[in-house]
Each structure stands twice: as structure tokens, then as C-alpha cells.
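Dropping the structure in here first, questions after.
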Amino acid sequence: MRFDGREPLQLRPIHIETNYLKHPEGSVLISVGDTKVICAASIEDRVPPFMRGEGKGWVTAEYSMLPRATDQRNIRESSKGKVSGRTMEIQRLIGRALRAVVDLEAIGERTVWIDCDVIQADGGTRTASITGAFVAMAIALNGLVEKKSLTRFPITDFLAATSVGILGTGQAVLDLNYVEDSSAAVDMNVVMTGNGEFVELQGTGEESTFSRSQLAQMLEAAEAGLIELFEKQKNALGETISGKIEANRRK
Amino acid sequence: MRFDGREPLQLRPIHIETNYLKHPEGSVLISVGDTKVICAASIEDRVPPFMRGEGKGWVTAEYSMLPRATDQRNIRESSKGKVSGRTMEIQRLIGRALRAVVDLEAIGERTVWIDCDVIQADGGTRTASITGAFVAMAIALNGLVEKKSLTRFPITDFLAATSVGILGTGQAVLDLNYVEDSSAAVDMNVVMTGNGEFVELQGTGEESTFSRSQLAQMLEAAEAGLIELFEKQKNALGETISGKIEANRRK
Amino acid sequence: MRFDGREPLQLRPIHIETNYLKHPEGSVLISVGDTKVICAASIEDRVPPFMRGEGKGWVTAEYSMLPRATDQRNIRESSKGKVSGRTMEIQRLIGRALRAVVDLEAIGERTVWIDCDVIQADGGTRTASITGAFVAMAIALNGLVEKKSLTRFPITDFLAATSVGILGTGQAVLDLNYVEDSSAAVDMNVVMTGNGEFVELQGTGEESTFSRSQLAQMLEAAEAGLIELFEKQKNALGETISGKIEANRRK
Amino acid sequence: MRFDGREPLQLRPIHIETNYLKHPEGSVLISVGDTKVICAASIEDRVPPFMRGEGKGWVTAEYSMLPRATDQRNIRESSKGKVSGRTMEIQRLIGRALRAVVDLEAIGERTVWIDCDVIQADGGTRTASITGAFVAMAIALNGLVEKKSLTRFPITDFLAATSVGILGTGQAVLDLNYVEDSSAAVDMNVVMTGNGEFVELQGTGEESTFSRSQLAQMLEAAEAGLIELFEKQKNALGETISGKIEANRRK
Amino acid sequence: MRFDGREPLQLRPIHIETNYLKHPEGSVLISVGDTKVICAASIEDRVPPFMRGEGKGWVTAEYSMLPRATDQRNIRESSKGKVSGRTMEIQRLIGRALRAVVDLEAIGERTVWIDCDVIQADGGTRTASITGAFVAMAIALNGLVEKKSLTRFPITDFLAATSVGILGTGQAVLDLNYVEDSSAAVDMNVVMTGNGEFVELQGTGEESTFSRSQLAQMLEAAEAGLIELFEKQKNALGETISGKIEANRRK
Amino acid sequence: MRFDGREPLQLRPIHIETNYLKHPEGSVLISVGDTKVICAASIEDRVPPFMRGEGKGWVTAEYSMLPRATDQRNIRESSKGKVSGRTMEIQRLIGRALRAVVDLEAIGERTVWIDCDVIQADGGTRTASITGAFVAMAIALNGLVEKKSLTRFPITDFLAATSVGILGTGQAVLDLNYVEDSSAAVDMNVVMTGNGEFVELQGTGEESTFSRSQLAQMLEAAEAGLIELFEKQKNALGETISGKIEANRRK
């Protein structure tokens, strides 16, 4: 039994509140246990300089934490005048992951800006960000289709992320909270599409290592959790948008 | 009648949700119409270097907006690597205002960090921040009293803020939303204590000027709104804390 | 009687030396007691990106202090690599104040850059900057008229600023020097036009508050000082330019 | 057959020149095909502030490229004034990987600084950096043992890294050069210890995804390459140091 | 005959106004023709970290230009967030030059901060800064002697600087103004002590070169100008301080 | 006899390895004793904004040291977020020096980027950089001639640099290594063309001064060393390129 009473392969409670903010083209407040992230998707009608004239779009992400999202207050990155390595790593991951399920040609020379702002942190903020950002992005891009700015719905599959790890006891567990994450020997983030393909695997032994059989165990655990997360995304998006995604996947 | 159907001296709907976050010593989500700000108060057991050894505490504030709190996405200040003049002006104002109702000797060599993060903006974000931050700070400092870390409750009075302005029509109005704020000829922020004393007055003619009688009209309007705001703060804080504040004010 | 022997409503000696520098289109050295500021106005034949194509001009200001303008040496902002919140607040104030008396349409797509560099500081540097910058700007814009680059003189009224405050004794005083400013309970900066309208009011209780009657007292004091400052500006500018300003005001 | 004539599971030629520089405690020039990295290990007799007093050491890494290590000249990060997200990600990876095979208690309150400077880049610079840095670090730490500053040799196993990927043709290949890396559908970096345990797995579908069987193929390929890399490290380090590592591993 | 009517070896008019500012321990306004620099010397009772505990003092300099010291307005270095290479080069030169005539042991663990702020620029700002800074520093250090904080006067000789150059015509000239400086083929700054020894020679062919005989001609010219500059410094400093310097030189 | 056994006017062993890197248009690894610098020349087909449309080219340089090029590890300038004054001074010197022997009209609107990266430092890194960069630049520009991108070879003469100094003993010495450089009373860098003209002279008394006869002695020493350096450059460049330079010089 885990610290917070969960089974090894049990996710924390997940809630995805759509259209949480009035200004962005798509937005959600996602909660994964006590981890809460506001994900906003903004559409900009141009692409970064290095992509101009190619007729393709781009998806990019930024990630931040409120100073008091954590137990100890963190200094704002704006006050420090620079973005930390951890933040950069996470926002590059979010953008890369989302691009794997977007048909960039289909969105034309537009940028989808994803903003993931962690309001409250209790482990798994990067995977919650990806899972929530997918929903916000789907809403925003569907809005373009409804306004006839796009001729076809550009998202090719569902996409979600979760973390798995090996605790000190050798037990493989799903969806680590902060306490577990801090003490786990191995920690792996798995980003997967609705049809079960990997988009990103990042496994790290924290002053520790892991064997091939432990890897297999963790992938098993992740898969179980991700199937549940895809269901939450479908419910949050509703039938119309989910249906469009399913239709694209089957192609 | 105003753009959104309000009377000239009518506030927008106000909600103050206390203990919005689990980590900070005090926190609220304040809504003033569509303007929503998360205010968190953190207690640090030391003061900035320039104050060490004086036996006094300090209150300081930081203010930020999510990139998509506004109609157009703003570049993050952490990405730009510097805090804008507007942000600095606002966070200096919030800190200065709150210090006016805190007995800094009574809190000892501690810093109260106030974080005001605007989730959604529709005008009046700095005044909503002050009004909400006061409540978060009161909760945090009361926590210190309850833990016996402080021997007396250090807040000397209520403190709230609102904006008033003169529209293009010459009409004085209370609590401007974004549309009104953008078009107002004159805009004034008023910070006041529960006993009706000014803490800060900032009146600005935007490529325009104002007369002494217009000043009087605006102050009248502000006062009406502030009385209502103090009531909202009392309700949010509950009888125990509100009672301590009232007791201190009467001294 | 005050620290330096002045009456409560007495300004310090004011000197405005015009054309202090050879390169700028307009420049002054203004002294307000021991406070000395070089104000330079430069004309640039374009506006910031956000204003292009609107056919209007812009006025913007920068403010700085020499490291040893003060009793203790300050670290240069260029060495620190960033501009302080105080500096930003002041330069935003100077620009905003000056724009209130410039017909921005009349100057076309030009920017007036105002540089206020404090050579020696003894309180009231921001108000001295505004008062001096107005004169430098008037000279620079008049130069454009004389070169026939402008068809009409674009300044609509005089503009000056001073500070007032309430000392610990409760006494309202005009034009605070550094010692008074440091110990005043309340401090207010007043920017006014030649016809007695307010452009900006910034009143702050420093860990203190002020009542409506104290506000009235301070405004009274400010007005007396400002009338004297307008006279100094007129003398510095000479009859021709002063006449053009008066003529515009009367319209 | 691959672009440069290699078999799918063939590494590029590897050379590790030890003691390449005269000042550092340990240094190598590692070549992996045309990729060349100078790795230097420096010993500092203290740890970062957050670790003081714990009696443990630390290993940290920095990574950089000469501006003309690449086909197109890159702007220096020192000129841009900030380190890119890619650089941060890589240097965090190098440090984390090396720490997995160092007994941090055994080195006492010392920091091992690893500097990986890419002189010439042709794909795989981060994995070449890890493989080379391990050798430089082993030399530096062995130096401490020889000087009797350490009582036991603190490296617990060999550590090397390589990349594997899936080309557009579906072929799994080992040790991608720049041309292959740019066009690969999937790219995975594998960091492994001498006894075959994973330290870090980072697999990324570049606007693409990968299945579990492709993952298995890539891990197979990586393992073959890593065994060869451990041999190169042994040869470079010589019998004495290699023997100490082997002895520690067997414990 | 030169552009401004001077003879080849004629300096521009020099004025040195001492005690120009009220706060610094020593200050001057130096004019060399239309070039005007405020030089301030501040005494700090400690040295930089790298010198602590050695019982020696330090002299360091900072240099800046007002934005409109020049014909075209320059962007402030504080706004750009960094100090330019040219500024760094100049401030390092000023500090190094002054240290050559200060007995650093004699001043104890103190730092002399030199601030050279160019109010108006017309060529030769760095040499005017050195010549003026010497006087400000002498006044400040003499103040320490008079307050009995120092037991002996620590300046060992006079120190001044000037520029010389070769015009396009091949003519060697002394003290180049901006127009001459911009068009000169060769430009040399010479810093010399009262007894005729060089402290610093910086000769640069601007997309051009110079022969050994041209070098000799320039040194001749510089020496003539420097003798005059020492006289100006003596007059500015007055007999008491000048006498102490002369006395030290003779030792 | 010197510390390392050299005669006063003896250079350290010089090696220039051309085409050291595969990507740049020209590159060398230059060793001057234990000082080793990688010099790369890159051709960019445009000039900086301030030069556009003038039909002329530009030569600019950047200089950096690996963190462990020195005995003590230096913090990277990219980590500090800014380039030091020393670095700026050196890179400005390198660029200025090289421009003296390039016919900027002849290269058209192109920029030659010179990157000097010090791999190992033992004094004289800036002069080794100039000497090596000249060779890298000659190779790169000759490449343009061979590709027929240029109609004439644009380098007008050889260019090399060395240092000379006066040791504490009063002895003038050539090509100071780090130990000598740290203790020398006077230090001078001399940049000269193949026909014996000066391009740059920078002589500095380090808390010391020098006489005109010491200057003459140092110039004598420098000239002897530079003649040897020109021979090394000729050998490195080979007959074809050297012949073109000689031919241009004779014009």
C-alpha cells in the first residue's frame, strides 16, 4: 500500500475543467490529485522566423510555477531574470510531445502557444501539463475548424502522459506524488498516443540504475494509467471533438 | 448606464475564496467581475539584509499575470529576462499599501511575501490584488498568532483598494473594467483603511487633466465602493480574525 | 520653521539654465536647492513600433542618477544590468506627465526623447525633472517650428511639478528636501498645468495614512508652489516661446 | 548500408586521448567519428551551498560548443547572455548520468566539475561527452586517491552512452551521425553502466512515434555499442584504474 | 592649420572646476574644449573580495556617457542591460592608470571609486576622464589625510593623459577633437606621470598602420601637451596638495 | 637566463596546424609554447546593419577560453550571462588588428567571423590569437578567390603579434609566458605588418611606469620575434597563398 493509500497501479483522482479562462482559444484546469495546472492554448497567425514560408504550422509550450505552488516558496524566474534548466527541459518536452499528434501542414502558418502554469504542485506537474495541454489545444484547434479557418481537423490522435517509478522497496508504482517522487530510485515519464505508440520515454535512475525487467514493469504500469487518462480526455472534450480525433486516428 | 449595465457607483460582483491553495500560510482567489487574482501570503523567518538586526519585520509583494490572462497573449517576463516597469510599479504599490496596516515591530524579524498572480484580467488587477492580498496576509499572520509565534495580532486595520475614473462623458464611475479603463480620461486608484484614511492616492489624466471638483467626485465614489469591500473582507475572514482587526483599530 | 530655515510654503531657490548642452535639440540644467538635474530633449523622426502609421507622435522619458549624486554611492544600473523599480516608476511618470500638454497629432510621427540625469540629489528629483524637462521639450519643439518642420506649436499649456508632505509634527510643507522627505509621514507629488488642472497626483502614506483634510492642505500648498514654478519656466523660455504656450492654452 | 558505409549496428571509429590538457586534474579528447569533444574534470574542495555540511560530494557538468563546431556558425551563448534550453538539458543529463556511478559519500565535500567542450560536431555530442567525461573523471578521482586525499576509489562502475534510432526506412541503427540524426523518425540516447543496467533512457519520436517492438530493437542495438565503448574506456584508462573500477563493481 | 584653427601641437582650452558636487569626497568638472566630464572620487572602507586581508587598497573606475552627450542620442547601457566593450575598455584603462601613482599599501583596505560621467563629448573623453579623475582622487585622498584616517599622503606623482594622432595629411596633431578623431589614420592615447614616465601607451592604426618615426613624432607631441596638463592640475589642486605630490615624487 | 631556460629575445616553440576543423572556411590550431588556441574563420554573406549598402566587407572577432584552459577553473561567461571586460578588450583588438591588412572593399558585403578559442593558456593568448587568426583568415579568403567569389585576393600584408615586457630585474624579454607575465613590471603587445609597420601598440605599466629608452628596447625585441612569426605563417600557409600576400604587399 502506498503512502496515500493508493494501489501500486492506481492513478490519483483526475479532473479536467474545460474553458476555465475566458480569453484563450482553449483552456483547462487539470487536477491530478493535489497537482493543479492551468493550461491555455493561444492561436497566433504566424510562425517563428525559422519556419516562415514553408506553409507549415508550429506548436510551442511554456511552463511555469507560481512561487507558492510548492511547499517552500520559489523565487520567480522573472525576478531571477532567467529561466531555469528544469523549466526549459519541461517546456521543450511539452511542445515536442504535442507536435507528435498535430498535422502541422494542416494548420498552415500558425503557431499554437501552450501555457502551462502550475497553481499547486504535488508531483507529476510535467505529465499533468501534457495531458491538460492536449485538451486545451484540441479545443483551440477545433475552434479554428468551426470558424472555417481550417478545412480539416488537424489532431491525429489522443496524447497523454504519466509518470511511473520504482520505489526504494523495488515496487513499481504509477503516478508518483511529490513524496514518492523525491524518494524513488527510478522515475520515468511516458508520453503515449491513443493507439499505444510511444512519443517520449524519459527514464532516469536517481543516483541509481534500473534493469531491463524493471523497465518492462514500468512500461506496463504506464500503459494502464494512460488508458484511463485518454478516457478522462474524451469526457472532457465531449463527443464531437473526441469523434474527430478518433476518426483521424483510424485513417 | 455603463457598458456592462452597472450604475456609476456600482462595484462589479466580488468573491473572495479563502485557503484556495494548500501550501501557502494564507491564500485567496479574489474575483472582481471577470478579474481573478490568486493572492498567496508566505512567512519567511528573516528579513532582507538592509533590515537585519532592527527587530522589525517586512512586507513585500510580487505581481504577475499569466500570459493569457489578457485578450492578447503577453510574453512572459521570465522569457524576456526582465520585469516590466508596469509590474514593478504595481508590486511596489501593493507592498507599500499593506505595510501601512501592519505593526512591523509586532511581527519580529520576519518577511511576509505576498504573491499576486492574475489568472484573468478585466481591469482593476492592482486594486483587486491589494484587496485580496490583505485577506491572505491576515490569515497567514493569524496563523502565526495561533501557533504562538506572535504574541499579539499585528494588523491594525482593514485595507482595501478600488479604482475610480472620469469617463469621456464626464461621468465619474466606480470600479472600471478593462473597456472603461482603456477609454477613461482620468483614472485614480485609491487605497484606504477601514477607518477611512487614505494610504495611497494615484490619479492620472491619460493625455488629459482633471479639476479639483472632479477629484472630489472621484474620492466620493471610491469611498462608497471601499465600504462595500471592507464588508466582503470581513465575511471572507470570518468573525474571529475580523474581530481582532476591529479591536486593534479601536486602540 | 523648517530644518533649512524655510517657511512651510516656501520653495527652495530655483534656477533653470537653458541650452546647457550643445548637442540636444533642447536642454536645461535645473537646480531646486541642491537638487540638480540635466534635462535633454531629443527629436527622433519616427515613433515606437506599436504606434507606426497612426500619424501621431510620442513623448517618452528616461531618468537616471549619477552614482555619486547621493550621499552614499549607488551602484550604476548599467553595472547591475537592470533598471530598478524606482527608476522605471519615475521615468514612466515623467513621460506620462509631459504627454498631457503635447498635441501628439501636431508633432507627426516623431518621438521626443527626454533624458533626465540627476547630477546631485537632495529630494524632489522627479518633480525637478518634470519641471526642467518641460522647458527642454518646449525649446526642442519650438526648434522644429522654426525649421518649419512643424506647422503649429504643439504645446498646449505649461506643466510643472512639486512635492508636498506632512511632517511628523503634522505640519504641511512644500518642496521637501532629502532630510524632510525621509522623515515625512505623508508625501505627495503633484503635477499641474498652467491653468490649474491636475495631471497627476501621487500621495503616499509612508507606513502611515492621511485624512481628507490633510489632502486638502497639501493640495493648497502645492498650488502655491506651482504658480511660482510656472513663472520660472516663463522666464527661462523667454517671451516668444512662453507667448506661444499661453496662446495655445487660451484656445 | 548506411550513408557513410557503416553496418546498422556499427559504431563510428572511437579514439580517446587522455591527459589532453595540462591544467585539469583529468582530461581527454574523445573522437566519435568526426565528433570531437574535450572533456575536463576539475576538483573543487567544496560543494554547492545546498549540500554543505552533509559530508557528501557532488558531480556537475557544463557543456558547450565552439561557434564553428557546426556546419553553420552558431552565436556564442556568452554573447546571447544566456544558455539555451538544449545546452541546459544536455549538461543536466551529463551530471546526472555520472553521479550514478560515483559514491558521493566517498569523495567527501568536494565537487567534480566536468566541462565538455565540443570542438567539432557530427551528431552524438551528448553521448560522446558522457563517454569521454567518465574517463576524465576517473583520472581526476584516481589522482585524489594517489595523493591520499581519498581513502577509497569512489567510482563504482563503468559508464558510457550512445545513441540509437529508427531511420525513415524503419531500420534501427546505432550511433547516428548528424545527417542520420536530422532525418531519423525516432532517436534514443541510452546511458548504461558496465554491468548492463540503465542509468538514463531518453527516446523521442520526432514528429513521429515508436512501438514497443521498436523500443526493444533500439535497446538491443545500444547494448551492442555500449559493450564496445566500455572496452575503449578500459584501454584509455589503463589497467590500474580499470582494475579499481572492476573491483568496485564486483562488490 | 586645423579644422578648429589650432596649431598642430596646441591643446584645446582646459578648465578644471574642483568640488563640483557636494556629496563625493572629491569631484571635478573638467572641460577639454567641448568635451565635459564630471569626475567623482568616493572612498569606501573596504576592498573587493579578492583583495581582503592583504592590507592594501584598490582604485577602480566606472565610465559612462549621458545619452545625449553625443550628436546622435545613444541608448543607455542600463536600458540595454549591459555595458559595451568600449565602456569596459575605457573604465579598465582609467583604473589601471590611476593605480600607477597611488601607493596602495598607504591607503589601507579602502577602495577609491572613480566615476567619470561624460556630460558632453567632442573627442578625447577617456583622456579627459583620466586627467580630471586624478584631481578628484587627490582631493579625496587628501581629505583622508586631513581627517587623520591616513598617516601619509599616498599619491606618488602627477598623472595626466592626452591623445595624439596622424591626420590623413600625415600631420601629427595633439588633442584630437571628434571630427579629427573620426578621420585620423592613427590615434594614440598616452598616459604619463609628472616625471615623464609612461604609464600606458595605446596606439592604433584605424584600417591603417604607422611607422617608427611616426611613433616618435606622436610621443613628442604628447609630451608637450602633458606638461601643460600637469600645470592645469597643479592650479586646480592648489599649493598644499600639489606640494605633497611633488614631495612624494622627489623621494 | 629566463625561468624556462629561454634567452631574453627567444620565442617559445611555435606550431601552426592548418585546417584543424572540418566545418570552418579556414581554421588553425596554433601553439605558442603551452598556449594553444583554435582559430576559425567563417564567411558570412552579409555585413552588420550599420554597414549595409556601402559595398564594403567587415572582419570581426570573438575570443573565449575553455573554463579549464587555466590553472584554476574559470566560470563560463555563458553561465555568468555576460562577457567580461577583458574578453571584450581582446576581441575588439583582434578584429581591429586583422582589418588593417584586409582590403574591405575587395571582399564585398561579407563578414569574416574570427573565433579564437583558447584551449590551454600559458600567457600571450591574445597575441597567439592574432597570429593564428591571420592564417585562418587567409585560408578562408583564399577559398573565396578559388571559388571565384572574389576577383582579387584581399589581404594586403602579413600580420602577427607578440608580447614583450620588462621583468622586475629590468631585463627586456620577448614572448612572456604566464609566470613572467604575472610578475612583469611592464607589458606590451605589439601588432605589426610584414613590412614592419605598427598596427597596434599597447604598453602598460602594471602599478609601475616605463621610460622612453625602455620603450625602445621593447620595440627592438618585438621586431625580432615578429620576423620569426611571419616565417611560421608563411610555412603554414604554403607558397601559393604566401605568394599572393607578398605580391599584394609589394603593390
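Per-chain residue numbering starts at 1, and chain names A, B, C, D, E and F are given in the order in which the chains are listed.
In this section, a residue touches a chain if its C-beta (ideal position, glycine included) is under 8 Å from a C-beta of that chain, and two chains touch if they have at least 3 such contacts.
Keep in mind that this is a model prediction, so the values were computed, not measured.
Minimum number of contact steps separating chain B from chain E: 2.
Counting steps between touching chains, the shortest path from chain B to chain F takes 3. These two copies of the sequence, chain B and chain D, are related by a rotation of 120 degrees on CA atoms, to the nearest 5. More than half of the residue-numbered contact pairs at E-F reappear in one of the options D-F, A-B or A-D, namely A-D. One simple way to say how far apart two chains are is to compare their mean CA positions; for chain D and chain E this gives 52 Å. Chain C and chain E have CA centres that are 34 Å apart.
Chain B and chain C, compared by their mean Cα positions, are separated by 29 Å. Those residues of chain B in touch with two or more other chains are numbered 81-83.
Passing around the ring starting with chain A, then chain D, and so on, the chain order reads A, D, F, E, C, B. For chain A in complex with chain D, the residues that touch the partner chain are 82-86, 88-89, 91-92, 96, 99-100, 104, 188, 193, 196-212, 215, 219.
Chain F contributes residues 21-24, 27, 34, 38, 40, 42, 44, 62, 64, 66-71, 73, 76-83, 87, 113, 115, 117, 119-120 to its touches with chain D in the complex.
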